[in-house]
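Take a look at these structures.
Across the two complexes that follow, chain A remains constant while its partner is chain B and subsequently chain C.
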Partner chain A sequence: MPKDGGIGASTTRREDARFLTGNGRYTDDINLRGQTYVHFLRSEVAHGRINGIDTSAAEAMPGVIKIFTAADFSAAGGLPCGWQVTDRHGQPMQEPKHPILAEGKVRHVGDPICGIVAETLEQARDAAEAIELDIEELPAVVDMVAALQDGATKVHDDLTSNLCYDWSLGEENLEAVTEAFKNAAHVVSLDLINNRLCANPMETRVAIGDYDPWADQHTLYTTSQNPHVIRLLMGAFVLSLPEHKLRVVAPDVGGGFGSKIYHYAEEAFCTHAAKILKRPVKWTSTRSEAFLSDAHARDHISTVELALDADHKFTALRSKTIANMGAYLSTFAPSIPTWLHGTLMAGPYTTPLIHVNVRAVFTNTVAVDAYRGAGRPEATFQLERLIDKAARELGVEPADLRRKNFINPDQFPYQTPVALEYDSGNFHATMDKAMALADYAGIEARAAEAAKRGKLRGIGMSQYIEACGIAPSNLVGQLGARAGLYETATVRVNATGSISVLTGCHSHGQGHETSFPQIVADMIGIDASQIDLVHGDTANTPMGMGTYGSRSIAVGGSALVKATGKIIDKAKKIAAHLLEAAPEDIELKDGKFSVAGTDKSIDWASVTLAAYVPHNYPLEEMEPGLEETAFYDPNNFTFPSGCYICEVEVDPETGKVDIVNFTAADDFGTVINPMIVEGQVHGGLAQGIGQAMTENCVYDENGQLLSGSFMDYTMPRADDVPGFTVDHSQFTLCTHNPLGAKGCGEAGAIGAPPAVVNAVIDALHRGGHRHVSHVDMPVTPQRVWAAMQK
Partner chain B sequence: MTTVTMTVNGKSVSAPAEGRTLLAQYLREGLQLTGTHIGCDTSQCGACVVLVDGRAVKSCSVLAMDMDGAEVTTIEGMTNPDGSLGTIQQAFQDHHGLQCGFCTPGMVMAAAALLSENPKPTEAEVRHYLEGNICRCTGYHNIVKAVLAASGQDVGSLGAVAAE
Partner chain C sequence: MYAFDFVKPASLDEAVAALGQEGAQPLSGGQTLLASMKQRLNAPDVLVSLRGIAALKGVSREGDALVIGAATTHATVAAEAASDYPGLAALAGQIGDPSVRNMGTLGGSLANNDPSACYPAGVLGSGATVVTNRREIAADDFFQGMFTTALEEGEIITSVRFPIPQKAAYAKFLQPASRFALTAAYVAKFADGVRVAITGASEEGVFRWAEAEAALASDFRPEALDGLSVPADGMIGDLHGTPAYRAHLVGVMTRRAVAAAG
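Moving on to the complex of A and B:
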């Protein structure tokens, strides 16, 4: 049993006390003296030319302080894109300007045109209604295929077309792939759509700009997953503010799931407006506004084909995708359908030849970027749906077809044909575990029992692998990233032995305040209650890249191990001096330093006190104090994997799908806090199930968002999801980071969707509807019922 | 502006409100009780649930003025008199029924209303009752577990399979 508060212990979360008593401090809970409020007047049309903006009547209304338009930001840069993709011809992607407020044209419903700053929010809103906009509506490009046709209306007049890039991976294999398909004993293909989603963290985005003219100091309070990244992007690229004049604070943040990674226009607006007005400027997004301004996600149209030999071994895979970028390039948008998607097309299989092509396209819709999983759910959905279809066409058990093609445990490290080298995994083990927990073999009896009740029962699985622990900086630099992706930790040991850990990661639900101290407590052997985590403020944390891509423990935790290691090394030297022994003879156990082979020892706090009260201290050899910082830049991605099994019942009268069982067996490597990890899996599963069953972002042909509120965008609720059986006992260690940890945040959202759809197809086949080879997500009653009728 | 008076968490309080001021705004801005959260603008998410005269109410869907004289309990009023976590709050911590904490106040208040109406709900009853509260983090599994545990029921069968 791990010690409570140490690595492997399900220690309850220390952050809970404040959240459970209403004492969380979220950005909207902050109100500054003299604060003003901004309301954004946003475009009501998807595409239009701005011929005039008359703000004179609005400016005269009560409480209005200033109405900002694009002209007020003429000196500012556009919102930057953090990743440049190079296309298959070696050319850079087309990269349009993304202004803070619309310049000349509006390009999606919700594009901000004016920012009205007033004494109260109500006054700002009232004034917005008095602004006279002269906007000439233009034809909107909403459909991705239509957007790529010759002569299509262009979203950006200064680009050559709506094509952002035409990218390929495995281009050198193209001929060999074509040849393999010619020679295949079986070819299976599938057209599918990865539905557009909205992340919808329960806390909407909020930004408060503040400016101290006496120190020329800007502060932005914002709902961000990565305050240092916002400081870098907004300071260097948008507002030309050096880092020492700009502080970004992300206090308690109510969920992110990717949508709070990006640098948004409202953040730059509030920061700049606060300086102009010399008063704080606050913006709180409504949920309706969130649907029109938060980055959306997924939205791929794909065709994927698999070639198999007579023995059912996969010989080649071909995947073609059109990916929606929306109207502008959000911070990491170009990397999602490319380097986070194409590189995962080997999955856990030995497919030797793979070719992936992705065309990214601009449309008159909100920008699309990463959301939990980001690219990897799309890849996994293609593979795991296609393999399921292949098994049905070949008349073999889907689990057996997968096993036959698995990369086996003795094949690691395994170089895939799509750039990644997997370091570890055991796919058979997680599949065995999931099948046992789900009683996979018992489905026949359960289906027969369900049939008596008039229900079609089916079972489906998916076997995923994902690339996490983002990411080796030199590698992603070659792939187009305009940032490094290391993480940092400072371990500040105080004189009496307590410790403040400062991290560049950011916790917005992940429980870092509990799990990060567990790592340090375990290494030093002191009680975790002596250690606190500081995060979320660029003024008091080291430069780090934040929390996303399941990276916090794998990368940030590794930085913390490195920094704590430095602390222990130095503390041992101090202890050696105090004990009059050689440093190499000092052992640290349970917070006590002892000299090997003797009974001489000294406790942790005596050593830390000596570091800060260095009366008896080797000052000629070492500086006093006990504080160390480490930057950790990973050597490789980490590769969590696992097997998910979903069991459903379909009502043949209505097409309604009920999930009756869901089992997840994951390989996350080392787990710091199993309780927190299980919670992460639960949440990911609900989001994956949400994508598969209920959620869908829908635009009409004019670019109006039809799913613009929780009345229309169907978030999964407590009675839409089952209880989950989750397991992480079948683990292999990450071989290249000091914890052996792989990351767990995104797994559920990656593995769940194909398991759900495969289960629905299985249920329909068992019910005699054998003509149904695919149902697009979300598998609503209407879609399932319609599929059964054909 | 009119002054609205009500009893909140056992104390008589007054604050100004416009005709259009919602109870949620009155609590957050008028009384600085920021534990009550606003997660949507269509009365769907339930982050703002409080108890009004003992019943669960979405405080974004009632006007502060209409609540004059009412008895309101918010998340800030759910701790024990000594400041320790109340039974439901403690169950949420023990069973990891919260992650980012944003929906949590509404969940706890809805759970309190459920357990006062139905002291020993089944899992299905808990899931059905919490339909008006959206959580994006937990997948509901541990929220349901926490509510059942708070009702004094055994939740062993709902547990995850622990890693060996």
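Moving on to the complex of A and C:
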């Protein structure tokens, strides 16, 4: 292996050079000749009937080219949902149309009504103010519980109710679960809210549509995590454009966190309008628009109950959740509270009987979809808060209660009662490591010292497991996915030995341009600087499903191993020909092919040159050239796991919580680049701490977003998070992919929230506030103070 | 943002003349005005920048008082007032973030009188005098409720004269998102009494807490405030704090300001 650039090397991120010197090329940096600008006139009311739209005065305004309404998209389809959930009665979910521009009704503040295209953005905005809207305001459905009551105002008139689906997992166990609760020695119950979030990547969304009449070719430049998915969804379902006539480019993207997975109305608008107008059409979201149009996240109300026997073994778990879908179904929304949530309810524990019920509901709010972790943070929060509460009620150490119920290392593969088969893990090892690094045993002394300073100090842990490496296509197909979830890689070796790796994954902060070449460098034994990664453009990369669900290394990296393996097989045959030996006698080491047991050898570049200048080449046996593609469809999910320990100090006078220590011990399997993995954990922890401590999307009863700017939506800042202690030494390999890698992108956001809240509860109890059994996230100073007052 | 004309006069007289035009508004650091214009919530026809008037800038000692020009940035006050009036300099150094502190000005903050801004507490708590192109206004008369001041049409703040107290400190509890004051207290001890000004808490904007002033006048220690509280009625309630929480913080922050003043 190349000492600085192979698997396991903390190679410096090569993409940072351009980012840090201002040479990144983001979608908004692209400006096309003859470009026009679109501004969307968005609904100011949460729910209303559109009785009329008068654009006549606006159309006469300077610079206005065309004002589009829903009528201009009558031939287009609605924005598709990529996952159909089947309810507990075997019926498909209710799936309303999601038009590009509002048809007949507006259903949330920010719902786009008109697209005003003008020569300049300011002209478009001026014209928007001259449009006369006649909208009859209707009662807004905001509260999820009220939305499900009989007679509630309907978000979609053509649906039978606001219920999208009533889904269960473990329905066959329902009676046994009920029986187990009856027979339990202890039952613990907890009501929880998983707070609504807005991802807020640093770069807001941008779309530029372009149409080339010479080639009858559409191009969409967009801020996407998965350009091929956008090409498929928009081409096939919305605009009826075949793939060979539609190119989707996602250049440098400034963070996604899930919010840039989905196919959004603005993308279809710009693509379509560019052809109508025969000029490029550009849209750049403002931050205010992002709050009103990016998919939001989480937003669950849950009740979760645990049954334990006299020996404190978990005997059954019951979880009931109401999940907000918002006004329309975003691309993967239905799958998040179901298959990415219910299936994680076993956690790392041997609970034999589990029943999960989820009712998804439409409301007059922005659509809700996946965000870093997506379903798994909600499941982990329920479990790890509940177990913490159980330990407190039983008077046992929370770590001991967890250990008593862990799936032990010798029990893998382990079939859970909620559909997943875990292939590997060692929960004791990560817990031991985290407790040692955090000096868990020393909390008493530290709490006593803090008390002298007037602070309440507490410690809390969470032990998470997540399902990543999404996903086996045939399995997710059975569960309702309308797409496959394989990944692809093409390894294009050039004549002089340099390599272009083409992937269907997309890098928007993950450092793929550094870590993917490390895999190839490691396998061939050449320097990683000879290898470049190409991604983000459907015109020059193979069909792939993109980047989310901590899948890129586990799935895309595995495709890359397969493709590189094919390259090595062929290169060995060429080398064998050149060395006049049998292919099976050829060894590849440090970029050199040699004949086993001899001193005969030839270097990598000589072989690659022979492939493209085949003067001395077995042409009768092999084609020239050295380029291979592999598709990799995983056999199973991967299961990263770990133990997080958070230590806080609470100011009893103000309720303010400071995180003073945070330790993360993760099992990610094989780690390609430890430095990048550490960075991914840091980012995930910051977002998990953001959810736990600061972030909250709040609507008022009329459906107005109260937290619609950074003046009220509290993104975590550098001084809100501590220095982290991160460890990934206690790993077990993924057993079913060639790298043994599990994925690391979401772990921090999954494991952190319950660790933070558990630590706060511990601090309050140590401070004598023993009546406090829970504080909802975000644990703001006001909430913590109010909890102490009761 | 709508189109507007922009003028940057070099003298106060020129500025006053320019502000006589229809639809003219003064611009100082622009930390509130420009943001509202970008959102199309404010549409002046003419922006009259006060930043080119040298007479409006600077920090100077005049006898027992510190005089600060209205167009002086928070960063300048934080640096240049530190030796003469450290309590006020510390307050200025806690406003916003570095970019806000290097653009925002004392006069702009006072004229806007945001109920959660820091400077109104420093000015009211110091018993300062607001000097305009027309007159001098005592701080007690200047602040007239949320976003409302004694300033008349066309009247420009030129400077603020701060009597320098024996001791002073500002204790600010951050609104976590905006980092304005969720509730903050400015406490200043003079030879003839103590002033306590509270910002961020009341729907009426900055106010003096008379009971606390009386208690501290005879015993300038945090313990002197034990048992004192302000009613929750009239306190701001929003996403970040209920009226009861803010009323509670008034007491906590005042005690902390007294402790910090030493």
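Everything that follows uses one rule, which is that the second predicted complex is superposed on the first by the 788 of 790 C-alpha atoms of A that agree within 3 Å, B and C clash if a C-alpha of one lies under 4 Å from a C-alpha of the other, contacts with A are read in each partner's own complex, and residues count from 1 in each chain.
The working rule: a residue touches a chain if its C-beta (ideal position, glycine included) is under 8 Å from a C-beta of that chain, and two chains touch if they have at least 3 such contacts.
Everything numeric in this text was worked out from a predicted model, so none of it was measured.
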item: Partner chain in contact with A:780 - chain B first, chain C second, else both or neither; value: second
item: Which partner reaches more residues of chain A (counting touched residues only), chain B or chain C; value: B
item: Touching partner for A:762 - first (chain B), second (chain C), both, neither; value: neither
item: First, second, both or neither for A:21, with chain B first and chain C second; value: first
item: Partner chain(s) touched by A:649 [first = chain B, second = chain C, both, neither]; value: neither
item: Touched partner set for A:210, first chain B, second chain C, both or neither; value: neither
item: Chain B versus chain C as contact partner of A:87, first or second or both or neither; value: neither
item: Which of chain B and chain C A:288 touches, first, second, both or neither; value: both
item: Touched partner set for A:711, first chain B, second chain C, both or neither; value: both
item: Shared chain A contacts, counted only where both chain B and chain C touch the same residue; value: 122, 288, 710-711, 715
item: Interface residues, chain A side, partner chain B - complex; value: 12-13, 15-24, 26, 28-29, 122, 200-204, 252-255, 257, 286-288, 437, 508-511, 671, 674-676, 678-679, 682-687, 709-711, 715, 717-719, 721, 723-729, 731, 748
item: Complex contacts: residues of chain A adjacent to chain C; value: 122, 125-126, 129, 288, 653-654, 656, 694, 696, 698, 706-707, 710-715, 720, 780-782, 785-786
item: Interface residues, chain B side, partner chain A - complex; value: 18, 20, 28, 33-42, 44-45, 47, 74-76, 78-79, 85, 89, 92-94, 96, 98-105, 108, 123-124, 126-128, 130-131, 133-144, 158, 160-164
item: Footprint of chain A on chain C - complex, ascending; value: 1-2, 39-40, 173, 176-178, 238-242, 245, 248-249, 252
